[in-house]
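Two complexes are shown next, each including chain A; its partner changes from chain B in the first to chain C in the second.
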Partner chain A sequence: MTPSRQAFAAIVGKDLRTELRTMRSLPAMVLFAVTTFIIFRFGLDRTALSGSLASGVIWTTLLFAAVLGINRIFLPEREEGGFDAFRLAPVDRPVLFTAKAAVLFLYLLVLELIVIPVFGVFFLQEWSGLLPLIPVLLATNLGLAALGTLISSMAVNSRARDLLVPLLLLPLVVPLMIAATGATSHLLDAGGPSYDKFGTWLLVLGLYDGVFCLVGYAVFDFLLED
Partner chain B sequence: MSGRGLKQLSILTALVLLAGFALVFFWVPMDADQGFKQKIFYLHVPLAIVALCGFVAGGVEGFRHLRTNDRSHDANSYVFIHLSVIFGVATLITGMLWAKASWGHFWVWDEPTLVSFLIVFLLYCTYYPFRYAIEDRDRQARYASVFAITAGAFVPLNFMAVRMAQSLIHPRVFATSGGGLPGSMLFTFLVCLVGIGLLWVTLVKLELLGKQTSGQVSKLRRALEAEGFGGSTEPTGTVGRRIAPNLEAQ
Partner chain C sequence: MSEAPENAIRLRKLGRDYGDRPALGGVDLDLAAGASLAVLGPNGSGKSTLLRVLATLLRPSRGEVSVLGSSLPNEAWKLRGRIGYLGHEPLLYEDLTGRENLEFQARLYGIPAGEAAARIESDLKLLGMSRRADYRVSDYSAGMKQRIAICRAVLHRPALLLLDEPDSNLDPEGREAARSLIGRPDELDWESEARVTRVAVSHDPEKARSEADQVLELEIGVAA
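Let's turn to the complex of A and B:
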């Protein structure tokens, strides 16, 4: 293994181990998402959802649950000196970006694995659209992970950390949400999934992921200097 | 950057803008469909184009700041974005007036350009609280540059995504805003575009000059205080929570 890969594996392993031991982020994200579904049940006054309404509820909930995780992704680094330790280590700095984005990606994946079936039980009458939803979820997770890591690392060193993450992140992910909801709404149509523009939306998601993974990787160096 | 040429530039700006508006009011033919109301087009569209170009230019300056670590690029980036946000407010207001006059509503969600512009505008509004939240000047400049680059890359992507979301249902009626114009309208539009562009440049230069001057004043004041003149009647007040970049080192 090259030093970068070693560092990557070490950081991802460290984060997953701490999460398993302390359970700081994931349970909160899951609880938040499930509660939000209940609020939507009464806010929209529907017992079953399909089409664009279903995709809107899924993505709004996932996005806000993701913000909870993004807020905390760099917290141990800041509070317990992880940043200083990382600066001292002889590894490339963007490794921290890739590792944190990978951790966030995994968090989102676990969140969706729990929350999407719950959504199905609560609201869906037609489950066949959930299988083709997987690539949409993966592509959107990648974009959220890249942007979330970038924004979180910017916000964590400022005074208004909890405020800045949603403030900066939400406008930035609007195109991501447009593409994700656009792809999802036809998959969850009441009469079974249809694939209108599905490929195009996936392409938009892919392009967005590509651009912001590159931007994040390129500028991350400057966020760690002190 | 210095104040040299600023006077000439201001006069040129005023002349071009006056010429552009004279053309708009007295020369260019009335729009067959919308009549006089359509003339806000010559103000609204140049404002929007200049604001968006300013945002992207702010991103380029942010990139140059990170590359060279030269504070003046951060100041440029800040001033570019600052003025583009102001131009953005004007764009949104003129756009809403135009929408009310020609479509009957202040806000039309079906018009992708309007929606994308609002999203971009909201994103850049967060630039100020973001800068404000970071105390350390060096870090503030670096983080602001990272923000400017990220947001600059976001502008074209956002326009693409919003446009795609709409074109599923609606045909692009306004897609040919340049190409579909008759010659006289295109000429007037270009004069107005140049005028608004010059206005932006003039204001940028003016604000940069102002920042430079106030930086020099506080530098001189501190030098005076160090030599025992002036006393401490007034706090110099340049450290602390100012979000505008500091140009004292120039």
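Let's turn to the complex of A and C:
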């Protein structure tokens, strides 16, 4: 068997190289998020947002931008025979799950690095809540990446995958989004961040991440069977 | 070279269905290690399905299957890395170059970087692809894709070659060049951990019979 670390690095490297070359996922995700912020800005007719409203705008936008990336994460494997090539290789199959989840995590990270400052410019008068927002973003990204990779691998072989991904993903992601918005809302209060129940929400995010990382790792072998 | 099992492939009443539709039925076969088998039959007779079952890409619906001493589907994991599979699809990433595809393949198979680079260079040269290896696969013709796919199938020096119409899309020069990589076991320009066994699907009965030690003819859903 090929060492898992080597196979993991090979898959992540291949996906990042392809994305840098083709720009098929990230630009669409960024464009979607920025456009949505613009629509919120004029739709809500507000120049400043805070608290739960700011939190809702951020996470609604990030979630639907993430769906664009999740839809595409296994497309090369499906359309160009990557699944078969991987199944023939002497590599533990969950390595593909962890590598794809890592790629999705990186996509979400880059997305946030670009669009959170844009959100700040559009809506925030008080920026001090953005620093403690980082662990919330990281924990939510991990959950989205694990669940998104799992759902995408199940939906990719269906012709209706564009419909299936949101249909399966959105109900399952509700607990993650409740925890993410709960953790974020007090960080973006108008008077500066407060940490009411912040630890509890982070714990919920961590539990969610743990459950879906383990479930994905455990069942991925079966999902790759014919 | 290590000792290979007496029979590289042993099939008893192998069958495979797609839903309710039988695609392959009642195939019996004994193929010695180091031998060459030609699989013949009309369209829809299950030739590609047979190859995909042997490659562990499809589970058999019934019957006994033993490949390189491993029983399928339960011991399929033991065969990973020992099979070279060339199917109808080239299994290449379109947005990577031919060389990048092969390097990716080498890393998945755990081939040390120096050894992989030497093999890639020599295989590309054999198939006349050295100068075009740094083009993206999406820019290749079907024949060029097939040449890179052949390099991919043998890069890890497998003990069992499963080839589905390997000559398709190749010009006469390409067919000749490919013999040293995917031809009869005694023509191969490389060595494996065991005697190389070759199974090739063909639509040219005359050529297939002249090249193979053994012939398996399939009819629609049934082995002849």
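One rule holds for everything that comes next: the second predicted complex is superposed on the first by the 224 of 226 C-alpha atoms of A that agree within 3 Å, B and C clash if a C-alpha of one lies under 4 Å from a C-alpha of the other, contacts with A are read in each partner's own complex, and residues count from 1 in each chain.
Convention: a residue touches a chain if its C-beta (ideal position, glycine included) is under 8 Å from a C-beta of that chain, and two chains touch if they have at least 3 such contacts.
Note that the structure is a prediction, hence the values are computed from the model and not measured.
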Fit or clash between chain C and chain B when superposed on chain A: fit
Contacts of A:215 with chain B and chain C, given as first, second, both or neither: first
Touching partner for A:159 - first (chain B), second (chain C), both, neither: first
Chain B versus chain C as contact partner of A:85, first or second or both or neither: second
Partner chain(s) touched by A:225 [first = chain B, second = chain C, both, neither]: both
Touched partner set for A:10, first chain B, second chain C, both or neither: second
Gap in Å between nearest CA atoms once chain C and chain B share a frame through chain A: 6
Shared contact residues on chain A - chain B and chain C: 225-226
List of chain C residues in touch with chain A within their complex: 55-59, 80-81, 83, 85, 87, 89-96, 100, 104-105, 107-110, 152
Of all residues in chain A, those that touch chain C in their complex: 1-3, 6-7, 9-11, 14, 17-18, 21-22, 76, 80-82, 84-91, 225-226
Partner chain B, residues of chain A touching it in the complex: 150, 154-155, 157-160, 163-164, 167-168, 171-172, 174-176, 178-179, 182, 197, 200, 204, 207-208, 211-212, 215, 219, 222-223, 225-226
Chain A-touching residues of chain B, taken from the complex the two chains share: 66, 119-120, 122-123, 126, 129-130, 133-135, 139, 142-143, 145-147, 149-151, 153-154, 157-158, 160-162, 164-165, 168
